[in-house]
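First chain written, first letter: the chains are A, B, C and D, and each begins at residue 1.
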Amino acid sequence: MTDLAAVKAALKTQAVETPSWAYGNSGTRFKVFAQAGVPRSPWEKIQDAARVHAFTGVAPSVALHIPWDTVEDYAALAKYAEDQGVRLGTINSNTFQDDAYKLGSVCHPDAAVRRKAVDHLLRCVDIMDATGSRDLKLWFADGTNYPGQDDVRARQDRLAEGLAEVYARLGEEQRMLLEYKLFEPAFYTTDVPDWGTAYAHCLGLGDKARVVVDTGHHAPGTNIEFIVATLLREDKLGGFDFNSRFYADDDLMAGAADPFQLFRIMYEVVRGGGFTSEVAFMLDQCHNIEPKIPAIIRSVMNVQEATAKALLVDRDALAKAQAAGDVLGANAVLMDAYDTDVRPLLRAVREEMGVDPDPMAAYARSGWAEKIVAERVGGEQAGWGA
Amino acid sequence: MTDLAAVKAALKTQAVETPSWAYGNSGTRFKVFAQAGVPRSPWEKIQDAARVHAFTGVAPSVALHIPWDTVEDYAALAKYAEDQGVRLGTINSNTFQDDAYKLGSVCHPDAAVRRKAVDHLLRCVDIMDATGSRDLKLWFADGTNYPGQDDVRARQDRLAEGLAEVYARLGEEQRMLLEYKLFEPAFYTTDVPDWGTAYAHCLGLGDKARVVVDTGHHAPGTNIEFIVATLLREDKLGGFDFNSRFYADDDLMAGAADPFQLFRIMYEVVRGGGFTSEVAFMLDQCHNIEPKIPAIIRSVMNVQEATAKALLVDRDALAKAQAAGDVLGANAVLMDAYDTDVRPLLRAVREEMGVDPDPMAAYARSGWAEKIVAERVGGEQAGWGA
Amino acid sequence: MTDLAAVKAALKTQAVETPSWAYGNSGTRFKVFAQAGVPRSPWEKIQDAARVHAFTGVAPSVALHIPWDTVEDYAALAKYAEDQGVRLGTINSNTFQDDAYKLGSVCHPDAAVRRKAVDHLLRCVDIMDATGSRDLKLWFADGTNYPGQDDVRARQDRLAEGLAEVYARLGEEQRMLLEYKLFEPAFYTTDVPDWGTAYAHCLGLGDKARVVVDTGHHAPGTNIEFIVATLLREDKLGGFDFNSRFYADDDLMAGAADPFQLFRIMYEVVRGGGFTSEVAFMLDQCHNIEPKIPAIIRSVMNVQEATAKALLVDRDALAKAQAAGDVLGANAVLMDAYDTDVRPLLRAVREEMGVDPDPMAAYARSGWAEKIVAERVGGEQAGWGA
Amino acid sequence: MTDLAAVKAALKTQAVETPSWAYGNSGTRFKVFAQAGVPRSPWEKIQDAARVHAFTGVAPSVALHIPWDTVEDYAALAKYAEDQGVRLGTINSNTFQDDAYKLGSVCHPDAAVRRKAVDHLLRCVDIMDATGSRDLKLWFADGTNYPGQDDVRARQDRLAEGLAEVYARLGEEQRMLLEYKLFEPAFYTTDVPDWGTAYAHCLGLGDKARVVVDTGHHAPGTNIEFIVATLLREDKLGGFDFNSRFYADDDLMAGAADPFQLFRIMYEVVRGGGFTSEVAFMLDQCHNIEPKIPAIIRSVMNVQEATAKALLVDRDALAKAQAAGDVLGANAVLMDAYDTDVRPLLRAVREEMGVDPDPMAAYARSGWAEKIVAERVGGEQAGWGA
């Protein structure tokens, strides 16, 4: 029997960080379809992120991406965020958009390029000091496109060296989150292709280094919830980048492609004690054709729904069926929770939190979409600048 | 016993069309790394394509992409190509870069957008008349990112209607080549995701409609040579877009990721009687980090090597082993050809054709790379303009 | 607005055929774990199938597999089924377990083996005459394990020839359902690997030949509902083999691995007018570790739930959002139906049908499981006999 | 410039262990096609393994599988092997064919089953003492078929506990090789699905625990050579199980599906210093339709050819091109080695080793195939007994 009050209490503590870049324009290598009203500065991104939090109640922080979100005064940005009702979260580094990085950044064969990349990462830690961010999220576009192009193993040595220097710079309460990705933009090898590689590097670095699971970064057939369970067991799960995909690309709304998978992942989080502040729940997705703010609200809600279902699993009944080797019975306990329509529960939770029970409708009614289209005219829209 | 003279003769007739866009800049959604010396106009692309043909002897035509290669006078462009030693080949349409195409082109829910797209395709046939091109190659970025986004079946109806109008416009000797692709830039459905869909539409249209097999457009585990054999058996194989990939993205050099697969494909071509002018052999790839002209020369050579090996298969011995149910023997006959180092044979073929036996070295010595870097200064480099 | 009465009415007409072999023992190449109480004859399989129908109300027929279900008197078997409350359904051929079939059946290089295989298929049509079955379901284990092992294209010719002979033998009201499968037990090529190949053969044969979609037989990333929509549009969808899988193997309970996918498939069925007797809804799965009858009941219920959700989609609202290009709105309409907990609705439907609202519990209470364990002692348990 | 004498010398030291089970019957869940002449005992398997070594010169040991190769006197078996010209190699455990293991072995929810499984593993170490084997290879069929079936994380705890007990029992010179596998026979989770999981357990155990890379056990798109490079860098690569596959199943002859991949793997072995006795090179494959001994000879030769090509890579030239960021140049150096026809070199190596230059032909001429068919009549053929 699940304790509904406890479920509600847990749901009220949920925090899903939204990424600043999701508010800007994005697309594929074929085309970026610009949208009216998208932010033209980090400040405007924070405005939008604050709207998402205002309507969901569970998106209290916004991740920055450097240099896309470079400002002169990060303390002022942090203050601005606070005034808007959110706070600055994870700092994401970018070592893939300078011409120097064509063949890699921290893994590049040329020491000068590696230096440049590591300096950028160190600068990101400086920014963390200014923003009060806890986490530095590292994703590297490094890799190779052709067999033989570079020495796979030497690149690992360079990676380890670069990470070590950055790790040494972290403050007492700061962490390094290392992300892995199977492919793209490198197509033969990526230098951190799987959780095993990220884990091995984190082990070498120390307790402040943790693995990030981006739900869209795995080979077909990979059991992501198994990885989550394993990393939690090893106390090495730093957080999630939520998004979804059907085949390649990893930028659809979280939960859109396989809501059952998201539920299974969240179940392992709950079961593994990962529903704590130690594990960062972040979105990392882009909205190429759909309006951005509603897409992010919807994604946050999808994560909430998966979480609610995971919390509803009758763990005593499950444990009993598992111990008895009752395959169908155990599966049925899990499915009972998944098959539950948790939208009424979440509406109730929102009302208790003082948030509109229907965030999508409330946002639509708010006039914000029309306002930003009308007011954000001129200037350069935020985007990847690829 | 294979007849070496016949193999050589066949290799001398080989023609691999290179794509104009491969000479320009390209990249991923993360970054386009511009290269010095890339063409700034269709005319310069033709210059580069002519270099590839000059050094390989088997790349006599260049495909155009409209509107990237729009010029005022296509007859003049054709004449220029001829003067350079090549000819204009397939016309490739582009219905994905106008803002109107965010939700599709010929499959778009809005009839006005479909009209615009079909008009573009008709305009491409006009250009074919002017350039003397035989083939119109159609690849559609159409698809959806989310379940429910649009009506999958209605989109097929719209596609059929659009194709029919364009098909009706084709001249007596003109053809329509329909390409399929599993994913990207649409991530939930693409409107022509597999050979079956392309084949069904071609059947409905008539004999001038054929299927194009892009070697990078399949799900993992797909047996591409089986598709080739089947389409040849059905007399519906229009041509190839060669390239390769390890996981996603389809823009590595042909033969770079799985040379054995390319050999198996070429073997089915040879076996199925497809080594004729009816089947168009085209490259469709981009060179994000490697220099473009040498990458294309290398790709052409990779196709040549696979073809040479395919031609070397001792088909009598193979048929005998197959008929006898000799699994290992039959496999060994195929592998004998594959394991052969055909580079000496191809050097000999080139010398007999009056081409340098080592195209890569000859190109490097030619000074063309240095010349274009020096001369192509200013102006706007060609690229996808995404 | 969906019409709940119409939804209920549709659900009451649903018919899911269960496969006789699912009641017997099965396993992997590593081990078959025999279960107590499994049937020792086709008669006992029918008893079990009748239990599934008795408790679900929507599993009125049982598919036979020849020769596993060979009996002397098929009319008697049909009568027996009727007495138990079910009827005999599709006849499934087996051309993979005779030693002669090591290198194939209808595609075998040796004409004598092909003759043997075709004779078996003809014999299956004889059985259909006796049982009154409408459909002959053909799945071929044919294929090759190694490149070169046999001539891929010649095998297609042999396949076409064999199918044509069997097709000619079909009665006026009989049909041939051709199944495709990406891999297994052949590992390099299968002779009917994808829907395109099955479709091309069906086109060549005539209207009585239709394609079967086995939900577990696709490459990763394949959009199965797209295939369903396309086959319905072409009027070539003969039926489904439902089951599910995470990576390989296709024998998990339908809906167990990706319930959202099953819903999307059922939505395309409903939308495409396929919810008719023209499309056969069959299970094709095995239960290696879980008890068989409850697993089949659960699978039938999973198909029901997906169907109920598909029927609940507000198609007017969906069409409106799609026409407006409202990506999020259209997706939300679909998801609203998916997120609905349809179990109360199905309980109501069952009560109206005079069936216990909770089939799993009712079966458990019935004592059947204990009865068959007690009574089915001795004899040879049904299984694949691999 | 590669030193040809050194290449030859290295090739002469190569040792590929063949698996006893590859000499017996095997198949798929659909059918095992028995072959005439297959061994009926471990003694006869050793005879066949000795033939493979006699004709290749590089297959000096044979792996045993317990209980399939259970004998009363292992010392006698070792002596017999020595007399035949080979030695006993790795001991492979089997904890998947007893009825008790339906829901797992060392990860089973029931402590009694876990005890039974660990006892079997301990017994395997006893056998190692008797045979003088260095390595215990552990592959577990453990896993689950359905979400919720068992507690994923608790199973890891049980696994760790079981492994620890076995590890503690190892002698000074003995090792434990832990294998991972993505799927099969469990289809939702396997308890050691990837190298990361195996690596984490090995780290926890100590230096005598190493990871085994089975080339057929990965998700599509996985870069296996990257894993090899990483495990060598971490000094945790215990060995290989070579085989190949196109999609699923992992039992085709090594090098048959993707010879380029096998070359890349062997290149990383050579580059990483793994071409030593520390890394065990084993085949793990079965021959369902082809004759077994020639298939194994061919597989050994395929590994040899990949190794020869890997050794021929001009590493100085490669390093220079890599350091210069010369993408095409570096790739060309690697491809030069791959494109080389190494069969003449290997013929020469064999002659210098006193082995027939053409092992396949020599075996065919030897009459062994006819002899075993004639003599091995009656008795029970070896097989998996699934």
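What we mean here is this: contacts are C-beta pairs under 8 Å (C-beta built on N, C-alpha and C of every residue); 3 or more make two chains touch, one makes a residue touch a chain.
Keep in mind it's a predicted model, so treat the numbers as computed, not measured.
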{"item": "Contact-graph distance - origin subunit B, target subunit D", "value": "1"}
{"item": "Size of the rotation, in steps of 5 degrees, that lays the CA trace of subunit B over subunit C", "value": "180"}
{"item": "Chain pair with the higher count of C-beta pairs in contact (A-D, A-C)", "value": "A-D"}
{"item": "Between subunit D and subunit A, distance of the C-alpha-averaged centres to the nearest whole Å", "value": "39"}
{"item": "Centre distance in Å when subunit A and subunit B are each reduced to the mean of their C-alpha atoms", "value": "38"}
{"item": "Shared interface positions of subunit D, touching two or more other chains", "value": "103, 145-147, 182-183, 188, 219-221, 223, 246-248, 256, 260, 289-290, 327-328, 331-332"}
{"item": "In the complex, subunit D residues that touch subunit C", "value": "26-34, 96-97, 99, 101-103, 141, 145-147, 182-185, 187-188, 219-220, 245-249, 251-253, 256-257, 288-290, 384, 386"}
{"item": "For the subunit D and subunit B complex, residues of the former touching the latter", "value": "220-221, 223, 246-248, 256, 258-260, 289-291, 294-295, 298, 305, 327-328, 331-332, 338-341, 343, 360"}
{"item": "Subunit A - residues contacting subunit D, complex", "value": "103, 109-110, 145-153, 156-157, 182-183, 188-189, 193-197, 199-200, 203, 218-223, 225-227, 229-230, 232-234, 260, 264, 268, 271-272, 318-319, 322-323, 325, 327-328, 330-335"}
